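In the part that follows, the structures are each spelled out as structure tokens.
In the two assemblies presented below, chain A is common to both, partnered first by chain B and then by chain C.
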Partner chain A sequence: MTEKTNSTLAAGAATTRSRLRAGFIKRDLYGFAAIVIVAAAGYVLFPDNLALLTRIIAIALLVLSLDLVTGYCGVATLGQAALFGSGAYAAGILSAHYGINDPLLMTLGGIFAGAVAGLICGIVMLRAHGLPQLVLSIALVYLFHEFANKASSWTGGSDGLSGIVLDPLFGLYEFDLFGHTAYFFGVVLLLIVFTLLRIVVRSPFGMLCRGIKEDPVRIRALGASPHKAVIKMYIISGAVAGTGGALSAISTQVVALDALSFTQSAEALVMLVLGGTGSLFGALVGTVIFMLFEDFVSAANPFHWLTMVGALLIVVVLFAPKGIFGTVQDLLSVRKNTTGETRP
Partner chain B sequence: MQTVFSIAVDALAYGMVLFVISIGLSVTMGLMRVVNLAHGGFAMIGGYIASYVARDLALGYGLALIAAVVFTILIAIPIERLLYRRIYGQPELTQVLMTIGITFCIIGIANFVMGPTLKTIPLAPSLQGSADLGFRTIPIHRLFAIACGLAVALGLWYAIEKTNFGIKLRASVDNAAMAAALGVRTEIVYAVSFAAAVGLAAFGGVVGSEFLPVEPYYALRYMVTFLVVVSVGGAGSIPGALAACLLLGAIDTTGRYLMPEFGEFFFYLAVIAIICVFPSGLAGRAK
Partner chain C sequence: MSAVFEVINLKKAFGGLVVTNDVSLSMVAGDRVALIGPNGAGKTTFVNLVTGALKPSSGEVRLRNEPVTRIGPTGRVQRGLVRSFQVTRLFQDMTPAEHVGLAVLQRTGKSAELHGNFLTRPAVMEEVYDLLERLGLYSLAHRKVREIAYGQQRLLELAIALALKPSVLLLDEPAAGVPQSDTGRIEEALANLPADLAVVMIEHDMDLVFRFAKRVVVLAAGTIIFDGLPADVTKDARVREAYLGSYANAGLNA
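On to the complex of A and B.
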């Protein structure tokens, strides 16, 4: 009798697990398809504006990396651009000073530099909590900024790093003036990173990080080390941000000090909270909406765009406190629940 | 020797200006637990009003100072009622988003109303020139800034340690719910301290306009400095904020005098070092 119940239970658990996994994979495929469709639509609708679209992808990688530490580990930071800029400068310096012009090698360089910067920032950031932590992150990004400004023989200082030359991708696809190759390169990078991150955040390690965000004391009591896990996540986040930085260096062929600025970090945080923290889709949605809004408003009315952006932020806090993606998700699940369906 | 002396005077005056502006932020942060990134915006509004009164209406420096404090508080009251009320007790990220939004709006509106140029606040004749100490001369304005800082520190110390209101304020900082249960009208305490914080910010913005020139991006440019000072000092502590302002003012001024090409490198290095050693600020209580 008990054996029978046990086996039914086990079978039930197995079906639940496989159903859960099927649900995850289904949502992954939806997300993957959504990115492809949006990317294709952008390509068809704005063929003259591919530079902006590529920039959106690079910033989306930055916001995704910020989501990993802020949304999943609960570390509030206003200094994420330090990792992004490290990746951008590493990719740029490889080409400008060492003559390594292969875009894939440059991207790898960016990933590595971003991960190292992530390790450094992670170790420093975890010394404090709350407001002092926020201030540490600001101090870090300023330190990176001043350092890059001072080391002008390597970074070009405030003039920016120029002289980046690119070999064709795989020896086949030339980086053209209109940015077609750079755009496709960016979309493929984003798809790879997105898929890998979906796996990471769903893994036991990703769950551990979510647990740390909820209650670090309890996680420690369960025998895991929050400190180690968050630093690991910081390294992953640095790699993702470095990818974004490398993409921006490759697509614009110049690296400016802005890549390391506090303003860039603050904007990234704003985009993340706008979209919704703790969800990769939220990060993407927030980036696209904010960047398009900023582009549209600053073109329409250059005098008032900052006021408009500010008003948008206030409206989001007042009416969509979970971010745009989180609020839409809530609305949808409410509707599903009222029609008697359960969420997969 | 000459250099050391002038660095010391400048550092002291700069530190005092930082103190006057950021002490309000420190008190509201300790009291209401709001990460108020818009605080610099209120200092900037004060500077603009003073510039308008003193330069365009030519009504004199003293009146400009009073008008700046009064009108900035009047502007801040509806903002507190309509916007800040909603974010008390919310997560930090929400507060950051809201207050950055308010800062952007303040910058945009200031840019539109007052124009993108730098605004000066003409000093009163008695504050111009320099005072002769016998062996050195000091610009009188520096002395005035230092005196204002000391007066604010003393006044706040008296108000918080010796008055009835100060007792209620300290009780609310320590435990707002318990203070409310014991009959302290915490919402009045909140409102009064918010108004005082904004008024002090405006006051500091006017007095410090020689160090931190008034222009639309003021709110964003010095926001970080104020935040850094508060967190190094420990939110809610007056002696901590004073110590942090004098220390960081000294480091910043010395760095600018002796190694201007390094910019703010040493300032931020010092900040990281201090926070790593004192994670909750110089005078912060461990949580």
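On to the complex of A and C.
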């Protein structure tokens, strides 16, 4: 048995601590920088297609929110768009019916509505596990969809919600026809959400959730309630999805029933699996690749693009089950280990 | 001395099948009890009843004079009743430091905090490293669990349980599945458990039982048939009968 005095133990602990902290901050900065660089590259490469890029950001927020409950807590859901759509409708209704046209207030409305929808979905979903849980999530998204369809005096029903008017952002920047303002607004929102989520996923709470995903019995033996923690994560997830919904309503100035659809939920799950679950970068990578691929292939071959998307998915699931980001990360760490470097 | 842990007339029946029949047990701080019994004696059911995973048909469980029979499993852990698992239940992708850190944070009510990585919290990590050091796991603190030996994983189970600062610790076969070469480390760790902790160990390995326990309780067909000193257990006629044969009949005359 090793004999260590308390002072060397404490000193060792302190260096480990500062090394770990430096590692976290470095990775956060890399992530932040990567988003800024990709966003800038998108702006330079596709100046005529900023609407698509903004939509990618909105969907990325939806996929991030899905990652929180599926990737970090292990909840199987095909109904995440219920939270996204709630945010979109809340932001849209604030403007179209209440004349609240400030984009920041609309976004706050979307965040709040998403969080409330997250709370409701969380409470219902956690009544079941596994396959029944998945079916509940589908039922929920259809209920939200049908509710929005019937409440057409508020939502415009199947015609969509129109009449959204926007004040300039901070009273300075008009939302222009080319979508410059909306794009910058989206990039800033994404950076804020990403930074906050990085903090959340490596907080004690984030660690607790990862534990719940692996073994709820173990977590209960620690005296923690998995149920409470997952509902809390659902509320956070709802706020993130609601942000995406609000961004979508603000950038397109209409909200369609699609925002609340099963299809949208399923696509989000596909993007998450494509990028890699349980990692925020995975969610972002999956969204960007799926949506760019979809856009590119559907333009190149309007009849068979879905076949191509299907083929891509099969290849990823069969040959890179951890998703594109997860697999690349594994490859890099293997290379690092063989060159003698060790991870902390 | 007053009892820290009491089980009073605990009974559990699944339909007509009585699996735990009128079991009573009382422990004071510092007790080292080994709970033994042949397969199917109802040891697992007993653990599940005591920890709250199962609801008893009748009877009571008390922790430090507080009845906890109606309190769920997590509430009992928070009140100081902690268990370990027969087969390790650890998170393969996490490190020992993270496991123990999570337990410390949970005990101090900080596991739901949304900010700050606990690996960078001095107060938490001091306790974590201290515990890992005590169990000889310090050098593995930041390795993934999947990379460490099974014997070390068993020690980590103990570290997690101790991080919760229990007053009663239920150890479910702490040396199960550990290669012979590593059992010494486990025994050493068991011998160094805090003196004021009341420990119940479920174990099949009689050598370990005799070295560890100051008191042996034998369960057969759901009933306690012996409760006394380790030296007396092998002489007891009912215990011999339960282990060596005709224990199938023990349920009839219970």
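The rule is simple: the second predicted complex is superposed on the first by the 339 of 344 C-alpha atoms of A that agree within 3 Å, B and C clash if a C-alpha of one lies under 4 Å from a C-alpha of the other, contacts with A are read in each partner's own complex, and residues count from 1 in each chain.
Criterion: a contact is a pair of C-beta atoms (placed from the backbone, for glycine too) under 8 Å apart; a residue touches a chain by one contact, two chains touch by 3 or more.
Everything quoted here is computed from the prediction, not taken from an experiment.
Novice: Scan A:Arg220 for contacts with chain B and chain C and give back first, second, both or neither.
Specialist: second
Novice: Quick one: is A:Phe24 in contact with chain B, with chain C, with both, or with neither? Answer first, second, both or neither.
Specialist: second
Novice: Let me test your reading of the model: by the given contact rule, A:Arg198 touches which partner, first (chain B), second (chain C), both or neither?
Specialist: After superposing on A, A:Arg198 lies clear of both chain B and chain C.
Novice: Under the stated touch criterion, which partner chain does A:Arg55 make contact with: chain B (first), chain C (second), both, or neither?
Specialist: In the superposition, A:Arg55 touches no partner, neither chain B nor chain C.
Novice: Which partner does A:Ala229 contact after superposing on A: first (chain B), second (chain C), both, neither?
Specialist: So A:Ala229 only meets chain C here.
Novice: Between chain B (first) and chain C (second), which, if any, makes contact with A:Leu208: first, second, both or neither?
Specialist: Once the two structures are laid over each other on A, A:Leu208 reaches chain C alone.
Novice: Can you give me the overlap between the chain B contact set and the chain C contact set on chain A?
Specialist: Touching chain B and chain C on chain A: no residues.
Novice: Residue numbers of chain A touching chain B in their complex, please.
Specialist: Residue list for chain A touching chain B: 70, 76, 78, 124, 127-132, 134-136, 138-140, 142-143, 146-147, 149-150, 262-263, 266, 269-270, 273-274, 277, 303-314, 316-318, 321.
Novice: With touch defined as at the start, can you tell me which chain A residues reach chain C in the complex?
Specialist: Residue positions touching the partner: 1-2, 4, 9-10, 12-14, 16-17, 20-21, 24, 199-200, 202-205, 207-208, 210-211, 214-215, 217-218, 220-225, 228-229, 232, 344.
Novice: For chain C, which residues count as touching chain A in their complex?
Specialist: Result: residues 51, 73-75, 77-78, 82-83, 85, 89-94, 98, 101-103, 105-107, 110-120, 122, 125-126, 129-130, 133, 136, 138-139, 141-142, 160, 164 of chain C touch chain A.
Novice: Report the residues of chain B in contact with chain A in the complex, numbered from low to high.
Specialist: 29, 35, 83, 86-87, 90, 92-94, 96-98, 100-109, 111-112, 220, 224, 227-228, 230-232, 235, 261-265, 268-269, 271-272, 275-276, 279-281, 284, 287
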